[in-house]
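Consider the two complexes below, in which chain A is the common component and chain B and chain C are the respective partners.
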Partner chain A sequence: MSQRYLLGTFEREEDIVGVVKKVRELNYKIVDVYTPYAVHGLERTAGFAPSRLPWVCFALGLFGALFKVWFEFWTTASDWAINVGGKPWNSLPAYVPITFEVMVLFAGLSTVFAFFWSSRLFPGKKPIMPDIRVTNDRFVLVLEQEDSTFDVAKVQRIFKRFNTVKVEERQEGGQG
Partner chain B sequence: MNPQARTFELPERFRTLTTVFAVIGGAGLLLGAVLAPERAWLNLLLGGHYLLGLALGALFFLAITYVSGAGWCVVLRRVPEALTGTLPVGTLIMVAALLIGVSGLFPWLELTGGAEHHDVGFKTVWFGVPFFLARAAICLVIWLGFARAIIANSRKQDEDGDDDHTRNNIKLSAGFLVLFALSVSVASFDWVMSLEPDWYSTIFAIYYFSGIFVNALATILVLLVWLRWRGILVDMVTEEHLHDLGKLLFGFTTFWMYIWFSQYMLIWYANLSEEVVYFVKRTSGAWEPLFLANMVVNWVVPFFFLLSRGAKRNERVLFRVGVVLMIGHWLDLYIMIFPSFSPTTPPFGLWEVAGALGTIGILFLAFAWQFGKAEYFPKRDPFLAESRHHHQ
Partner chain C sequence: MADLYSTLRQPLIAGNKSLGEVTNDVSGVLERKTSPLWWRAFMASLLFLLIGAAAITYQVATGIGTWGLNRTVGWAFDITNFVFWIGIGHAGTLISAVLFLFRQRWRTSVNRAAEAMTIIAVMCAGLFPLIHMGRPWLAFWMFPYPNMRGSLWVNFRSPLVWDFFAISTYFTISLVFWYVGLLPDLATIRDRAKAGIRKKIFGLLSLGWNGSLRTWNRYEVLYLLLAGLATPLVVSVHTIVSWDFATAVIPGWHSTILPPYFVAGAIFSGMAMVLTLMIIARKVMGLEDYITLRHLDVMSKLIIVTGSIVGLAYATEFFIAMYSENPYETFLFKNRALGPFAWAYWTMVLCNVISPQLLWFKRIRRNVAWVFVLTILINVGMWFERFVIVVTSLHRDYLPSSWTYYTPTLIEVLTLLGSFGLFFTGFLLFCRFLPVIAMAEVKGVLSHGHRSVRSGSR
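Now for the complex of A and B:
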């Protein structure tokens, strides 16, 4: 079954913030809001859940650090023990710099790849733009038409109140 | 458009308490000067480093925010400004400690020039008392001059609203940052590292700096949250400002650990006898638990408590972590200063309690005195509007 969306295009920051607040009060499902620049506080107005990426960063960073400590212990003290300057084989201070580097590497790369994964981003992907001008001077609100109770005409009237310049319906899998 | 600004007075009970602390500190150290002169002097030196470092760290905060054109911190700038204003107090204590020190307590006064001393020719020149005092005077005059000029410009702007004060402060700050790097290096070598005249570490100045800046950020946060709990700056300073201060604090505690470890690892790896003495003393006997506690208090605790976004936006968490770090900086200085005189047991008794109480008392009294000299926020700063609308 295809999913239907309603896109409203606006010209001013105040309008997009106002309309987002209004449709949220009326419990419409906001898919996304496109803006040409970061509008402060909009993510809270739209009720988007905070990103879960920090948890990926923390977990993989911790894993990287622990893995590296074990690996260094295994290489220098267990599998092929090497005497460096008469220091004990399991000299923890010598492990610290590499452990730190590997922790940063794991945390950084895992966050980037988790971001790609969660936003379905890959090289050569064709971007789905609600309107090419959201990269310039337009603001677009995308609502999901959840079921048959979604009254397009009513929502259009709300959009009108916030000086919408264009209202458009789209279907997933159709002409994106 | 802006809410009415007012000036500050310390609450009655708090004023009494801090005055009592300051008196206990002063009386304790005076008594100590008779009964245990060396211990009393070390505590005076520690208190001097604590208060002077705090004022310098706050001045460094003002300078980097001016130079980088930061607008976000304008609403809370009067707090670091007032801390900077306490510089004369720290200076007085430090001058007293240095003068008492050169009259017989600095260990390098007996540097005889035996063959076992490294680089002794250079050190006999460097540790001449007049040269030593001249260096101290130059450092202190530089800091006092810049602190006075930058604060005066900011306070004058409240009256005339002239944007040129901001421009002048940007120039002053740029000059200060260059001279600060040089002078704080000299000061940390002369006033801390020289307590172990045979030992040296070229990274010591950065280590000293990282400590004072962490402590300045922690103290700014603690005072700011404390002021907000008393109803001051409540509607001006939002959780966005606290979040940014929290991020700086989080970052610089890790910077402290990074520099601490840089110093430790090179000495540990090279294992040269004239370098390892410092850590041998600090990891032997009862010093070792304190040596480990230093890392826990100054890095592990702030790292895990400030890691999440929510914690950096929560004033109760910031206040508690800030207090832990303020105690942590005292411990850090204690571990820098005391083991050279007491290599096996950490001395803790009446003199240390008196010194610490006196430091807290003087810190609050001096802060209140300076914070009361101006309005709560720079009401005519050109960046005030930007700061009030600060958002992540």
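Now for the complex of A and C:
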């Protein structure tokens, strides 16, 4: 079954924000929006779920910190305990700085890798984009033509109202 | 969020640019032929780097007896350089992370270069403890790995081990933060490049970035998280560096003021170095529209703030030393200001406390030549600050018969020059091969996106 898409290209942030709001009000299915820079708040307008990356950051940060406290305790007090200046074996306050650093390291790196993984970014990946200029100065809205009630002419009129520079129909896989 | 623009404000980027113009201006520099000016600067930096490499090779082969250290002054030039370079790095993180959290939108034109500066400065800093180990090929012993010696673990109670963890975490997080910030721009350059080696390399580095809103959505969250992590990290790093001194019992080092004083000093010196580099970069690369006089102005104001904190810390140290009536503490501070190293102390005060006062005047903050000279003076002053802290606290200890003076040897001076060579070589390579301005961020602060009344903000 072939899937049809309608692509609208825009030149300015204001237009893409407006058109996304409009098609969302009319309940069209937004496949994706391509922008050359982060347009703040557009993901909410488009109705995309908020990212779950903060959970990864929190969980792995906590894991890193707990792991490091355990590791410091195990090495300094248990595995090979060394008397350093008569300090207690479990010098917890002295463990604080490294625990903090390792927490930041775990939280930061894991969040970055989670980002690469969830966004399917890896070296050698061929970028799939509707227009080569979306990394330069074009904004592209991709709508899915779900069924026969999708009125191309009507959507084109909406796009026109937001100063579209190009409207295009593509078959399945055609968004790439 | 269009309504954030006010018609009363000046635009952040001059020249009323469109998105495409930003791409052309920033990537154009990388596509053109290398300018002779760049080559000359690069060759000079490379020369210094080679001199430094020769000096390092010599001292590693011979031993650190080639330094001017003696029994009384056991820490001097090397640790001074280390603290100096780490401090330089801190301004990059301040601009990229702290100012991001404070929603200072002017940071977009300088943050990329400032972060690159951070990474190279941390590399320069890491060089010095590595040499100081005497046997740098055993540096991996700092890492707590299971080994055949027992396993004998590192001493987690030691500030020097804290330092190792702090610096390596700082380097890793800064590098990752910088790379994530680069991704959209790498993709921009990939899509501009015609088939060839450039397209291949940037294609590999940009990881298939396609500007999808789903990715941007996660990207923005990631950026915020990294900024949130880097902010306490940068404070922790120089705090831990100050603990190298503060946990000792030496008067002048053993002080609770050291952590905030070091952090403020780090940002102060780093800001000065960012300004020095930006003034050169905007001129050489023709980026006057992006790094405007307004940027110099606001960064100079940050210099006044952090410089005032540093000045206050100098005064507080003196006051507390006198007020405590601790004879050792009192002696040390009198010795700092009036002893054999008074010349270093007063150089520091002149460069760090007195000369930055000129920046209170708007005419001076907006004068490129003046700002350039003042930032150089601050760089010199901040180097001397570390020298004063390290050497004057040591050279006259509890036993007057062992009092002495310290003079660096040629090898030590050449190593310092070599680290500057490394710094500028790294920075010039960055300017030549990567986009100096964060295009994807600058595009977000242009007024171009808005057609209506708000475009009056131009």
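Going forward, the second predicted complex is superposed on the first by the 152 of 176 C-alpha atoms of A that agree within 3 Å, B and C clash if a C-alpha of one lies under 4 Å from a C-alpha of the other, contacts with A are read in each partner's own complex, and residues count from 1 in each chain.
The working rule: a contact is a pair of C-beta atoms (placed from the backbone, for glycine too) under 8 Å apart; a residue touches a chain by one contact, two chains touch by 3 or more.
Since we're looking at a predicted model, the values are computed, not measured.
S.K.: Report clash or fit for the pair chain B and chain C bound to chain A in the combined superposed model.
M.R.: Chain B and chain C clash in the superposed model.
S.K.: When the two structures are laid over each other on chain A, which of chain B and chain C touches more residues of chain A?
M.R.: C
S.K.: In the overlay, answer first, second, both or neither for which of chain B and chain C A:Arg12 touches.
M.R.: second
S.K.: In the overlay, answer first, second, both or neither for which of chain B and chain C A:Gly41 touches.
M.R.: both
S.K.: Based on the superposed arrangement, let me know which partner A:Tyr28 touches: chain B (first), chain C (second), both, or neither?
M.R.: It touches nothing on chain B or chain C.
S.K.: Quick check on the superposed pair: does A:Phe162 touch chain B, chain C, both, or neither? Answer first, second, both or neither.
M.R.: A:Phe162: touches no partner chain.
S.K.: What is the contact status of A:Thr135 with respect to chain B (first) and chain C (second): first, second, both, or neither?
M.R.: second
S.K.: Go through the superposed model and pick first if A:Leu105 touches only chain B, second if only chain C, both, or neither.
M.R.: second
S.K.: Name the contact category of A:Thr75: first (chain B only), second (chain C only), both, or neither.
M.R.: Touch status of A:Thr75: second partner only.
S.K.: Hey, which part of chain C ends up inside chain B in the overlay, 39-47, 327-335 or 435-443?
M.R.: 327-335
S.K.: Determine where on chain A the residues touched by chain B overlap those touched by chain C, and list them.
M.R.: Touching chain B in the first complex and chain C in the second, residues 40-41, 50, 54, 94, 97 of chain A appear in both lists.
S.K.: What residues of chain B sit close enough to touch chain A in their complex?
M.R.: 261, 264-265, 268-269, 271, 307-309, 391-392
S.K.: Can you name the residues of chain A that touch chain C in the complex?
M.R.: 12-15, 17, 32-43, 46, 48, 50-51, 53-54, 57, 71-72, 75-76, 79-80, 82, 84, 87, 91, 94-95, 97-98, 100-102, 104-105, 107-109, 111-112, 115-116, 118-129, 132-137, 163
S.K.: Hey, which residues of chain C end up touching chain A in the complex?
M.R.: So the residues of chain C in touch with chain A come to 1-2, 18-20, 23, 144, 150-159, 161-162, 165-166, 169, 172-173, 176-177, 180, 183-184, 187-188, 190-192, 203-222, 225-226, 229-230, 232-233, 236, 240, 243, 439-441, 443-444, 448-452.
S.K.: Sort out for me which residues of chain A touch chain B in the complex.
M.R.: Where chain A meets chain B, its residues are 40-41, 50, 54, 58, 85, 93-94, 96-97.
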